[in-house]
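Take a look at these structures.
Look for subunit A in each of the two complexes below; its partner is subunit B in the first and subunit C in the second.
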Partner chain A sequence: MSEATETQTHDHKDLVDEKIVMAYFFMALTFMLVSMLGGLLMAGQLLRHNPLSGIELFSPGRWRMIHTNAIAYGFLANAFLGLLHWSIPRLTLHPVLDKRLSWLIFAAWQIVVLATAAGLLFGQAQGLEWGETPVWIDPVAQLGLLLVAINFMPPILKVKGPMYVTLWYFLAMFIWTFLTYAMGNFVPEYFVSGTSAGAVGGLFIHDLVGLFVTPLGWGLMYYFVPIILKKPIWSHGLSLVGFWGLAFFYPLNGIHHFLYTPIPMFLQYGAIISTIAVEMVVTTVIINFFGTLWGRGRAVVEDLPIRWFYTGMVFYFLTCLQCAMQTTLTFQALIHFTDWVVGHAHLVMYGVFSQWIFGMMTYLIPRIWKTEWYSRKALEYHYWLSAAGVFIMASDLILCGLFQGWSWASLQPWEHSINVSFPFWVVRVFAGLAMFAGLLVFLWNIWMTWKTREEVELSNVALPA
Partner chain B sequence: MTTRSEQKAMRIITAILAVLILIPSLYGFGSKLLEFIALVRGDVDGVFAISPVANYLLASAGFFCLLLWATLNGMFHDIEAPKYDMLDQEEKLDQEERQAV
Partner chain C sequence: MFERKSGILLVAGLIFFAFAFLSNAVVPALMYSHLPEKTAEELVNGNIRYQFEDLARRYPEAFVAAFGQPPEDPETKEGTDWWNQNVADALREGRSIYVGEGCWHCHSQFVRPVSNEEQRWGPVAASWEYQNELQRPVMFGTRRVGPDLSREGGRRSNDWHAVHFFKPTMVSHKSPMPEYPWLFDGSPSKPTRRGMALMTYVQWLGSWLESYPDYEAYTQAPLEELKKEAAEAAEAAPAG
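Up next is the complex of A and B:
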């Protein structure tokens, strides 16, 4: 970044293909809608109000997988790919390798996600949590990830001199995601079995969060927070500590999903210790971002993208703190298999990463369309319904998990834990409805912004002089 | 500017810290590695352990090489500079965009 190269350009139009960014956003929000519908159906199922009861194709087990896969591969992956098309060319001053390849990847990725959904509905799921993509799709998805790396890595590799932390995260993510997907989907399927396959599955589940979603999320935060606040990150050195800490401590975390299993204890202890080490690393990252905000605290009130980002950061710190506690053997004995884990997953996937993406969309959509949001009030509704909804849902499920754990620990009949859970599951439905309403408001606002958009001077939108 | 005696003192302190930290760490890591090898060779449990540990060691070895390469190529010299360069670059891009509108 510090040394100019001959092929660099400062022309935004040459660097960024805004149409593909919007196309990815559109698909991401479509899959978010599908995923939330799946979540609501599952919530209804738990209350014995399943409108699709008796239809095998739409059985709850299959809907649950649609819910999780649509979020991971439909919403998060699509949104992140769109955001990479914006941030990498602007950070490196080089366009992606080939814009036609970008559109090919876009089309291929939608086919992968839709084929996954069809495969899951027809009962062809692979027996691996979060890797349920049918086995015949795995090679195509793997090829897609390779093409993504081929398209995005050249501009990063052209950067001369010390790299900005965001590019470190992105560079590592392209390698990690490719390896993680291969490890999780092929190793347990074809090379190892039994407990060993379980251990690899544990690594896959957690590495997908820590080595795919996390580096993308934090990489984008290190890009968007300084440019919106117009203030450099508090300490670039500390941000690199966070990156290298993630690189060395995260890969062993996954086995903490399988504590108290026949996996050798030294591996379980290793996972627990590295999880606690990651929490230390996370603390440095949080300190860095709040150090950056220091003196500009009003931005959290006035600037919606910044509010989304910092809300997500607070939730991130809480989830990691939770993670460090829940992976201890004592705690795990109580909460394993309970709704605590479901609450934790919602807090991290929706409370953190989805909220960050909403913040980035809130910033970029009017900028790309060169207009202002149709309704600021609707943006506020989207924020409050989503943030309050996920906070209530996560708190509710975490508490529910404790009651379930105590019920099982006291050797009560299974039905007792169901009866105890019922009120919590009712609250969960209403929290989910609030989040869903927030999304609908956001979609309506996007539609109205598009319909009523007027060419206004760019400096009035998102480019304060 | 540091004087020669200060540099010497820093080297001595670094060496003492290296001995105090690295020797126990290497002893701990080495003994655990030997334990792991013994487990792999002599116990059926070892098979369970190979896949995740091998995955971790391979990934970490790769990133250790990257860290080494980055250090030797001056990626951490003037460590705070990239954050200012990034903001300047964004400002230039925004200016160009404003002029184009």
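Up next is the complex of A and C:
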């Protein structure tokens, strides 16, 4: 899989459409910026410092939905689509089905995301977390996901003989994402109500993380980590355990989002046990990746993409460990409905998957532009502001959740739980600002890299003459 | 099987997914199939009718502008149908505003059997309460910045809700809840159709329970008599 052997027989230019990779990255970062602004607005509202108070289109309740949807469909989906355009053709040595279809999907997906944002802003949300996408957009998004599968699956299916781990994850993901989106956006909206709709809703929230984001994230880790470290994955057996364990146990977890609801208790127990099983599977995957790093630990200091990846993996292990504990009924009684869960969500979505994507962008952007990063120092700032920011935010909110839970259980007036939360919410704003600053530094660095790149090319032309 | 395309596509992609869907979604759906889904019309009850008629009494002009002129005699078949249909419409509309404004991201709608929640809010949530079209998708919620709302109906007056939606800090000093002035025509005493629909929806929550506060038995405070007594006392005082 090394670049040298690959370029002997296949031209990278014929395989990868670099323009579309960058186009997806730009859209992803734009939506990350939008999402963060929405998050800051809501964080300010909680502190009763909302400069846009009373303006319908800037209602924090609506922007809270933009915050989560822009991350799921704007940032994660766009970035992953870009990364698929890089990794699948290079791994399979076959280009995607049709480059025109790629651009059609790109355009269609931006329309889906923007229409979702517009729908949410004008108060047309659907009542399911991460499924708020207004009902009239759902069929378009569903069609888009079908086209994505049609465009990316042919190169994978053309592979002869056994497939590499990454492709297992990708192949299954195309099926899962399509089915998950259909399940979440149509079943609880049109077919079932009440408690069973809750069960489907739980499955949807969970499968979107577990069967869309997670297989893409880990598939890309299995691709980029060995390439950058220039050594194979430590254990093929553990890779198998990781994939099949995730495939079996992860979809069974959904109901753990609605424990102590009227959903039948035996189903709740089933979800709890499956969640603990997932934690064990995750441990094997983490062991596998740290086994791969063994002997090359210095890379975490020197190589920024590797540092992003392994920071994300540590956070991943922490969130999954936290998950195995918080899913038990004992923990649930205290922490459900509190900021504990909000902290957990930020640790997974930002601390793990967004940081992995930042790492992959850090690796790919200079390769695509054939230049060096403008400022290594700025990359360091991006890393430290983001990693420290999310770590502080998550610990702060997790701790806050405990106090909220105790305040409610002790039957004090509701205002008490607000008063208790206040200092934590202040810390959260500053942690969020740090993450926001990190993103701005990254954007500035990308801009400067682009500007100075042209100068390098000019001087290259000038030199031989 | 473990590394082949067919195994990954069929077993991991389809069969495992289908197994999870069957066990975690189809099973509860079948278990509750004996509880038919109620329509909004079937959900109208005395409590919510009372609250809706109260809106007409408190905001007569705004109410007529929003829902039209109520029939003269509410006791006739025609009159009852008019009121019930408007309550049902307001419930549907109120629910879509509740969803569209993201209320459900900060307010849950289920009381758990733990953490003393029964004492704070009332009876623990039961499945039959959610078998209706207004719970499609279900509004369980996952976060409580503000309190649970599934037993909120009847706890506070429509006036309180109007002021609270207009500017929460006016009645709840430290509330971090956003303001919703676009549900009003400039003042809390002039709710729009959207505003009254949302109030109807909130007053409906828990209206099906016996623990719904019994406002029907409420009699007006004898303000006029008190004033008269005070005046008489004032007259009598200098003489005495």
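Here, the second predicted complex is superposed on the first by the 444 of 465 C-alpha atoms of A that agree within 3 Å, B and C clash if a C-alpha of one lies under 4 Å from a C-alpha of the other, contacts with A are read in each partner's own complex, and residues count from 1 in each chain.
To be clear about the criterion, a residue touches a chain if its C-beta (ideal position, glycine included) is under 8 Å from a C-beta of that chain, and two chains touch if they have at least 3 such contacts.
This one's a predicted model, so the numbers in the text were calculated from it and none came from an experiment.
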Item to complete: Could you tell me whether subunit B and subunit C fit or clash when both sit on subunit A in the superposition?
Response: clash
Worksheet item: A:237 contacts which: subunit B (first), subunit C (second), both, neither?
Response: first
Worksheet entry | First, second, both or neither for A:227, with subunit B first and subunit C second | first
Worksheet entry | First (subunit B), second (subunit C), both or neither touched by A:93 | first
Discussion item. Taking the superposition on A as described, I'd like to know which of subunit B and subunit C A:60 touches: first, second, both or neither.
Written reply: second
Discussion item. Just to be sure I read the superposition right, which of the two partners does A:160 touch: subunit B = first, subunit C = second, or both, or neither?
Written reply: neither
Discussion item. After the superposition on A, what does A:12 contact: first (subunit B), second (subunit C), both or neither?
Written reply: first
Fill in: Contacts of A:298 with subunit B and subunit C, given as first, second, both or neither
neither
Worksheet item: Is A:46 contacted by the first partner subunit B, the second partner subunit C, both or neither?
Response: second
Discussion item. With both complexes superposed on chain A, which partner does A:262 reach: first (subunit B), second (subunit C), both or neither?
Written reply: both
Practice prompt. Decide which partner touches more residues of subunit A, taking subunit B and subunit C as the two options.
Written response: C
Discussion item. Identify the residues of subunit A that lie in both the subunit B contact region and the subunit C contact region.
Written reply: 162-163, 172, 175-176, 179, 183, 187, 192, 194-196, 199-200, 202-203, 240, 244, 247-248, 251-252, 254-255, 262-264, 267
Discussion item. Per the contact definition, I'd like the list of subunit C residues that touch subunit A in the complex.
Written reply: 2-5, 8-9, 11-14, 16-17, 19-21, 23-25, 27-29, 31-32, 35, 37, 97, 99-106, 108, 110, 112-117, 119-120, 125-127, 129-133, 135-147, 169, 172-176, 178-182
Response to the item:
Residue positions on subunit A within touch of subunit B in the complex are 1-2, 10-13, 15, 90-91, 93, 161-166, 172, 175-176, 179, 183, 187, 192, 194-196, 199-200, 202-203, 223, 226-227, 230-233, 235-237, 240, 244, 247-248, 251-252, 254-255, 262-264, 266-267, 370, 457-459, 463, 465
Worksheet item: Residues of subunit B touching subunit A in their complex?
Response: 32, 35-36, 39, 45, 47-53, 55-56, 59-60, 62-63, 67, 74-87, 89-90, 92-94, 96-98, 100-101
Fill in: Residues on subunit A engaged by subunit C in the complex (per definition of touch)
45-48, 50, 53-54, 56, 59-62, 64-65, 123-129, 131, 156-157, 162-163, 168, 171-172, 174-176, 179, 183, 187-190, 192-203, 207, 211, 240, 243-244, 247-248, 251-252, 254-255, 257-258, 260-264, 267, 270-271, 332-334, 336-338, 341-342, 405, 408-411, 414-415, 418-419
